[in-house]
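So the structure is just underneath, and the comments pick up after that.
Should a chain be cited, it is by its letter among A, B, C and D, assigned in written order, with residues numbered from 1 in that chain.
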Amino acid sequence: MALASLSKEMLEAHPWPAQMDRDVLVRCIDECGACETSCTACADASLAEEDVVDLRKCIRLCLDCADVCDATGRLLTRQTEYVAATARAHVSSCRELCAACAEECERHAQHHEHCRICAEECRRCEEACSAVLDAIS
Amino acid sequence: MALASLSKEMLEAHPWPAQMDRDVLVRCIDECGACETSCTACADASLAEEDVVDLRKCIRLCLDCADVCDATGRLLTRQTEYVAATARAHVSSCRELCAACAEECERHAQHHEHCRICAEECRRCEEACSAVLDAIS
Amino acid sequence: MALASLSKEMLEAHPWPAQMDRDVLVRCIDECGACETSCTACADASLAEEDVVDLRKCIRLCLDCADVCDATGRLLTRQTEYVAATARAHVSSCRELCAACAEECERHAQHHEHCRICAEECRRCEEACSAVLDAIS
Amino acid sequence: MALASLSKEMLEAHPWPAQMDRDVLVRCIDECGACETSCTACADASLAEEDVVDLRKCIRLCLDCADVCDATGRLLTRQTEYVAATARAHVSSCRELCAACAEECERHAQHHEHCRICAEECRRCEEACSAVLDAIS
């Protein structure tokens, strides 16, 4: 089963779902999961490259981004006793980190396919976070 | 983009990929991500149920399973300087936890749709871990 | 060895440390670790209480707080290619979540010792985050 | 407050603690937290070293070890509906990874102080895991 359908099915099965646009929420949960994987893989692939010295900032930001996306995906998955203020602060921080990571990966996109793919995924996650922030306000 | 294609694309872009069947590996990485989400959602939905007292073991195992699946997905995503022995020990532990969590969720599957869905996902992740263990040997 | 000394020793052994007050940074890394443990334990102890139904919000916020403190501790531990803007956004989100979790745990502090201890730890982590934010500006 | 006392206080405040030697359990929870921090810091410091190319295996194992120690610390912290079999499998995997990470860090201990400190921490965590495994049987 695709992850997207799974997240949606799980949210629909919750006895007490949060009041937020379901599709916007599902998209952000799924992009956070994809971005954690993408950033973990890009940090690891960059570490194996010959020009690893030039990829230090990329590796560091990918590791940060994986950690924050993981936490964000978990926070957004939880619907019980949802608190808008804490969700807003965290998703906002996640969006900023995705943007910083995308920007750095884009600098290496022409030389490294994994950076190109990861930059695209970070941009998708950044957009999904923006959509959640719009939906919360 | 579906997570499955993303993981595969990232593995193919690695300069120094591990010697393991690519499809088996991708499947397990993706199921670990799906299972982390599913278990996080099931623990949270169970917490909101009226019969939460009967779901304590389900919640506890779901929280454990989410944590271990997250770590397993990250370990398997990394291809640089892959060590078979540590991968084997960790995937084996993950398989055992997925099985225990599935068994407990199955006990509540008739009463709670989220337990039914989560049990199925845990079984898929358990199978994906088994396939990785077969591929390593 | 106490965790505090370990974090400090590791920061001092870094070839390229971030430009931030070392003691403020070490304190926040250590409080994030302590708060992750405290919140994980409080969520679990609350789940086992007879009045678990009244502790749903406490459990949910503790789970969130553990996840965000873990990510924050990791981000602050990394000194290579440190970016102040992303650190600021994330530590700010962590401080907000610690405050929300402390407030909820304080409501149950008279009935549950684990909530009292956890509330105190969340306040310490909130203060340590505030000190980092002051040090970054 | 030192993390060690906090973990112990929280375990003692649990309404339904697991049947395991309290000191052995507290020590392992605390070492897992210390080892997650130590390995996160060592991976990051190694990335900044001039001989990063020779430290690839060290970085990879430190990242793995941080992830697994985090999951292990969480699993052991949870006392509600404790299941010995899953704890055993996971702590066993954690011990193996700590040993592998220690062995690699020891190879660089003479050149890099952070590897020396991290190797020692990994060995302490390995021993703490062994003590838990002895206590479970």
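The definition used in the following text is that a contact is a pair of C-beta atoms (placed from the backbone, for glycine too) under 8 Å apart; a residue touches a chain by one contact, two chains touch by 3 or more.
The model shown is predicted, which means the values in this text are computed figures rather than measured ones.
Compared with chain D, the chain whose C-alpha mean position is the greatest distance off is A. Homomeric contact chain C/chain D: same residue numbering on both sides for over half of the interface positions. In this entry, chain B maps onto chain C through a rotation of 180 degrees when their C-alpha atoms are superposed, rounded to the nearest 5.
Rounded to whole angstrom units, the spacing between the C-alpha centres of chain B and chain C is 27. If you average the Cα atoms of chain B and of chain D, the two centres end up 21 Å apart. Multi-chain contact residues, meaning those touching two or more other chains, occur in chain A at positions 44, 47-48, 56, 60, 63, 70, 74, 78, 80.
Of all residues in chain B, only 43-44, 47-48, 52-53, 56, 59-60, 63 touch chain C in the complex they form. Chain contact summary for the complex, chain A toward chain B: residues 1-4, 6-7, 9-11, 13-16, 29-30, 33-34, 36-38, 40-42, 44-45, 47-50, 66, 70, 73-74, 77-80, 112-114, 117-118, 121, 124.
The touching residues of chain D, counted against chain B in their complex, run 56-57, 59-61, 63-64, 67-68, 70-71, 74-75, 78, 80-81, 83, 85-86, 89-90, 92-93, 96-97, 100.
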